[in-house]
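Here's the structure we're looking at; comments come further down.
Chains here go by letter, A, B, C and D, matching the order in which they are written, and residues are numbered from 1 within each.
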Amino acid sequence: MDYTRQEMMAIATGREFKDGELAIFGVGLSMLAGFFAQRNHAPGLMAFTEGGVYGSTPVGGLPWGIEDNRISANAVSFTNAIDALGFLVASGRVDNAVIGAAEVDKYGNVNTTGIWAPDTEPWKVGKYTLPRVRLNGSGGANEIATGAKKYLLMVTHEKKRFNEKVAYISSPGYLDGGNTREKYGFPGGGPSAMITTLGILRPDPVTKEFILTGYYPFSSIEEIKENTGWDLKVAPDVQVIPEPTEKELENLRAVDVTGSLRKK
Amino acid sequence: MDYTRQEMMAIATGREFKDGELAIFGVGLSMLAGFFAQRNHAPGLMAFTEGGVYGSTPVGGLPWGIEDNRISANAVSFTNAIDALGFLVASGRVDNAVIGAAEVDKYGNVNTTGIWAPDTEPWKVGKYTLPRVRLNGSGGANEIATGAKKYLLMVTHEKKRFNEKVAYISSPGYLDGGNTREKYGFPGGGPSAMITTLGILRPDPVTKEFILTGYYPFSSIEEIKENTGWDLKVAPDVQVIPEPTEKELENLRAVDVTGSLRKK
Amino acid sequence: MNKSKLITMKEAVEQYTYDGMYFGHGGALPVGSDCISFFREMVKVGRKDIDIASNCNSQGTNLLAAVGGLKRMEVGFSGLEVYGFANGLKRAVETGQTVLEDYSNGAIPIRMMAGALNWPFIPMFMNTGCDQQWASADDPENYPNTKKIPEITDPFTGRICGAFTPIKPDVAAIHVTMADIYGNAIMLGTEWNRYELSRCSKKVILCADKIVDTGVMRQYPNLVRIPYIVVDAVVYAPFGVWPQCSTGLYDSDEEHMYYMNKMLKTEEGTNEYLQAFGQYDDVFDYVNLVGQERIDKITKTDTAFLMDPYRQWIKTDAEIKELLERR
Amino acid sequence: MNKSKLITMKEAVEQYTYDGMYFGHGGALPVGSDCISFFREMVKVGRKDIDIASNCNSQGTNLLAAVGGLKRMEVGFSGLEVYGFANGLKRAVETGQTVLEDYSNGAIPIRMMAGALNWPFIPMFMNTGCDQQWASADDPENYPNTKKIPEITDPFTGRICGAFTPIKPDVAAIHVTMADIYGNAIMLGTEWNRYELSRCSKKVILCADKIVDTGVMRQYPNLVRIPYIVVDAVVYAPFGVWPQCSTGLYDSDEEHMYYMNKMLKTEEGTNEYLQAFGQYDDVFDYVNLVGQERIDKITKTDTAFLMDPYRQWIKTDAEIKELLERR
C-alpha cells in the first residue's frame, strides 16, 4: 500500500483516541490525527481548541492556526483561553491530547523553546544564557503536559531530536524518571507514548524511561535505535505496528484535504 | 417643605456621589439614592449590579432584587458575579457604594448576619453559637467593605442598631479602630460615612471612631445621642444638613415612582 | 456531539441526585434565575441530607430547607432581598437543622472558579478580618477559627491574606434560558455563577426554559457559555424559575413569592404549600398547575424583546415530547 | 454612558501610549484577532522600550520587535503557528534586544485574571517542574531560579505548588469585532484573553472593526463582554487585524502573512516592508493600502454569516467621520 511515514504516524496517533473522550489537539499534524480518529472510529470524540472553540470541524483545509476562521466557521461555542486551558486542560479533565516537540528526552520531557550552543544549556552552566535559535515557547502544551490525564508526543524521528536530556524543559514529562514528577502535584498523568515517524515508544511503568514498543512495517528496531540519541531499550514484546487499513487511509485523506501529509 | 426622614436620608446619601464615579448599589433604599444622584447631579455616574448588569436604569418601579427583570430590561451588558464583585469591587476599582446594616458599631463594622441572645455573641463566649434570629448574611457587602475606595453605610437610626460592638462582623469597617484595619491588606479604604434617618456620622481620621458631623433640620444632637448605643462624640464643626431642595425632592420622587420612601 | 442528553425532570432527579450529595445550583440572586422546579422535584422524591454550595439562597433552597432536606449550606446571601428573610431557611438555621457556613457573594463564585481550575487554594483579601473568617459553623467550638480561612503570606510582598478552599460539587443543576438536546446552552441576563458552576461540578444537569435547535448555537456561538462537553443531562423545565424571574421570558410572580415564603415559615404551612404546589406528574402538568392566569401575567415582561432573535429555533411541546419518546 | 469615547487611531496612540510603558494586547493566537493596526501606528510614531504582557505573539509584536521597539515580553507562545517562527521577534530575542520571559498560554491569561482581581499571587500546578519555573530571562544569573515562580505550600493539604504574580498592564489595546462610541464591545470568535485583559489594565483602548449603534448592545447584552465602564477610548480600526483574521469579517491573508514574516527577518527587509505598508495617514487611507483586491479575497469568509444579526446597526464610514468631527 502507498502511504507516507507522516501518514503512518498520524494514523498510529489517531488509533490512541477512543470514542467519547475529551481531547485537545494543536494545529497541523496533531489536528489531522485527531479529526482522523473522529471520522474513523471515534465519532463521539469531543475536541476543542486552546481558545475555547467547541463542536467544530475544519472547513476549507487545515487551519493556519488554532483560532483561524477555518476552525471557527461551524462552532457551537466560543469561550476563552482560561476556559479551555484552565478549566478543561490544566484542571485534569482532558482524557487525551497530542503535543509536538522540537526535542524530547528519554523521560518524555519536551523542548519547544530554544536550541543552545553545545554546553551552554541552562542546566549545564547554571545560568539562562541566550539560545542560539529561539523556538516558539511552550504555548498550551505545558497545560497539556501538566493537566491531561494522558497525552501523546508526536515527533519526527531524528537523532538530533531524541536526546538523553533536553536543553530546556518547556513541558514536563517524567522529569528525571521514577517518581520525580510526583513532587509537583500535577493533576495530569504524563505522556503515554511517543509516536514518531519510525515507531512507538512507551514509558516503563517504574523507571518512566521511554522504550521501544513498536515499529512500522517500513522501519526496523535498528533504524530506530540509530536515530535515537540515548541508548534506547527495546520492550521484550516489541511489535510491528499494523500498517494503515484502506479505510483508515481513506478517512485520513478525507481529513487531509490538501494532502499535507503526503508530501515526503 | 414636606418630606420624610427616609427621603432626607436618601438625598443626603445621593449627595455623596460625584459625576463620573464608578458605583454599586444594593436593592431598595440604596438604589434609590444612587439613581437619584444620577438624575439630579451626576449624569455620568456609572452604576452596576452585583451580578454584572451594566448601563441600565429600573423600569416599572424599584426592582425586587438586583437581578430582577426590572433592572435587566435596558442593560447594555450582562456578565457575572466574579466580574462585578471580583474584578470591579473586591479589586479596589469602585469609587463609592452604599451598604445597609442591621447593626453597626462605633468603628463602622456591620452586622447583617444574625442576632444573638445577650452574652452569647461569638466574640464574647469564644464559640459560634446559633443566632437567635438568622439574618441575611453579608451578600456582596463584604466585597464593598473590603474593596470599594470608600462607601456609605445607610442605617435607620435606632439605639438597638448602633452598638459599641456588633455581635458579628459581616462586613469589616475599621475593626478596633486606629490602624487595626490595615493588617488585612484590603484594597478598599473603609466607610466614609454613616448616613442615617437622623444625621451623618463620619470617622475620626486617627481613631476611626464615628462621630456626629451633621444633623437634619428636623433632628437634634440630643436626639441622635439618645438613639446611639455608644457615647457618641460630636464634631466641633457639626452642622445642620441642608434640607432637600425642590429640585432634589422632585428628582428623588421621579426615581421613587412607587413612593416607597414616602411611607412614614 | 452525537447523542441526545434530553431526559425528563423525574429521570434527572432519580438518576443524578442522591441523599447526602454535595450539590450546586445556579442561579442569579434570590429573585433571579434558579432551577426552582428541580428543587421541587427533589422535595417531591424526598431527597435529604443535602449539602449545598450556593452563591445565594433562592426559593429552591428555601423550600428544601423548609422540608428539612438541607443538612448544610455554604452561602453568600441567605435572604430574599425585598421579599424579606427566607423563612424556610431561617427556621432551619435557627433550630440547628441546617448548618449554615457563611461566605460572601463574591467568595462563593470565586471558590467555584478555583474548583473548576482544580487549584489547591485561593489567596484573597475578601471575607477576612471579620466573622466570615473567624466564625465557622462547621467547627463552632473554635472562635476565632484559624482553619476555615487560614492566613497565608504572599511570597512576593510578604502581605497577609486569606486562603480559601475550592468548591467542587458532586452534582449541579443549572437554569438556562435555552438548551439544545446535546447540552449547549444560552443564558439571558446575568450568568451570576452559572458559568463557573458548570465547570467545577462533577455532574451537570441543565434545566432549560426552552429547548431549541442547535442552529441557534451555530448562529450565536459566543452566547453559548455552556457547551455540550461539560453537560451530562438536559431537562425541559418550562417556567422552571417560577415564582422567580427568567430574563427574556417572565417576570417575578410577586404575589406567589410572598405567599410561598409566608407558607414556608412553619412546618404546617410548608405541608399546605406542597399540597397545593408540589403535586404534579411531569413538567407539562406542572405548567398547568402554574396556570394560564399567572402565566399571562408574568410573561408580559419588559425583557421579552431579548428573546426575539431566537424564537425561530424554539421547539414546541409536541416536538419535545417526540424527542423524549424517540430515545 | 453619556460621553463618546471615539477618537482616531493617531490620537489613541499619541494620548495613551508612551515609551517604556507596560502594554497588554489581545488577541486570539498568532493568526487570530489582534490589534495589528494599533501596533503599526505605534511603530509609525516610533514608540520604544515597550514591555509587553502577551498571551501570544502576533504579527503586531513581531513587527514591534523587528523595529527594535520591544524591550521585554512575557509570553506563552512566540511563533506564528503554521506560518513558522516569528522572524522579527526571533531575531530580537537571539540578539538580546528583547528579553523574553516564558510562561505558557494558560498562565498568561490567568495571571491577567489575577491582576483584574487584584490578588497578591496565584497558586497553580502549571509551569512548574520545568524551565518556565527555573529559567528567568529577567534574572538569568540564577538557575534554577527560585523567585520567578516560587514554591508555596497549600495550607489545607500541605501540597507544594507554584506562586505566580498577577499582570496589570499600564495600557491595553484590544481588538473587538464591534464597539459603540461609549465603549461597549462585542467579540465574535474566541475571546482568548481579551475579557481578562480589559479588566486588569489601567487604561483600555478598543480597536473595533466596526462601529455600531448602541441598539445592538441593548438587543444582545449577553454578547457585550466588555462594557463601557472599563473602557477609555474607542478607535475605528477597519481591517485592523489584517493580515490575520477577524472571525465573521475576514480570513487570514495567507500570502501577506508569509510575505510580512519573511521581510521581518532582517532590518533591511523590515524597512522595505514599512516603506510599502507603514506609510498612510489615517485608517481610511490604510484601508486603501490594504487594497480592494485583497479585501475582496479575504472577506469571502465562511464565517460571514456570524455577522448577519448585527448588520443593521453598523455605522458607515461617512457616519463615523461625522461622529469624529462632531466632537
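We adopt the following convention: a residue touches a chain if its C-beta (ideal position, glycine included) is under 8 Å from a C-beta of that chain, and two chains touch if they have at least 3 such contacts.
As the structure is a computational prediction, the values presented were derived from the model and not from experiment.
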| item | value |
| --- | --- |
| Touching both chain A and chain B (chains) | C, D |
| A-C or A-D - the one linked by more C-beta pairs in contact | A-D |
| Computed distance of Cα centres, chain D from chain C, in Å | 36 |
| Chain centre separation in whole Å, for chain C relative to chain B (CA means) | 28 |
| Inter-centroid spacing, chain C versus chain A (mean Cα positions, whole Å) | 40 |
| Touching two or more other chains - residue numbers and ranges from chain D | 110, 117-118, 120, 124-125, 159, 161, 188-189, 191, 221-222 |
| In chain A, residues with contacts to at least two other chains | 78-79, 82, 86, 90, 147, 185, 187 |
| Pairwise touch network: line, ring, star, complete, or other | other |
| Pairs of chains in contact (touch as defined earlier), listed by label | A-C, A-D, B-C, B-D, C-D |
| Chain C-facing residues of chain D, complex | 110, 117-125, 150, 152, 154-157, 159, 161, 163, 165, 186-189, 191, 219-223, 305-306, 308-309 |
| Chain B contact footprint on chain C (complex, rising order) | 28-33, 55-56, 75-83, 85, 89-90, 93-94, 96, 100, 102-107, 109-110, 113, 124-132, 134-137, 140-145, 159-161, 188-196, 245, 247, 251-252, 254, 257, 301-303 |
| Residue numbers on chain B that touch chain D, as the complex places them | 22, 43-44, 46, 48, 54-55, 74-79, 82-83, 86-88, 90-92, 147, 185, 187 |
| Chain C contact footprint on chain B (complex, rising order) | 27-28, 49-53, 59-60, 62-70, 72-73, 78-82, 85-86, 89-90, 109, 113, 122-123, 125-143, 145-147, 168-172, 175, 181, 183-187 |
| Chain A partner contacts - residues on chain C that touch it in the complex | 1-3, 116-118, 120, 182, 184, 199, 214, 217-218, 221-222, 224-230 |
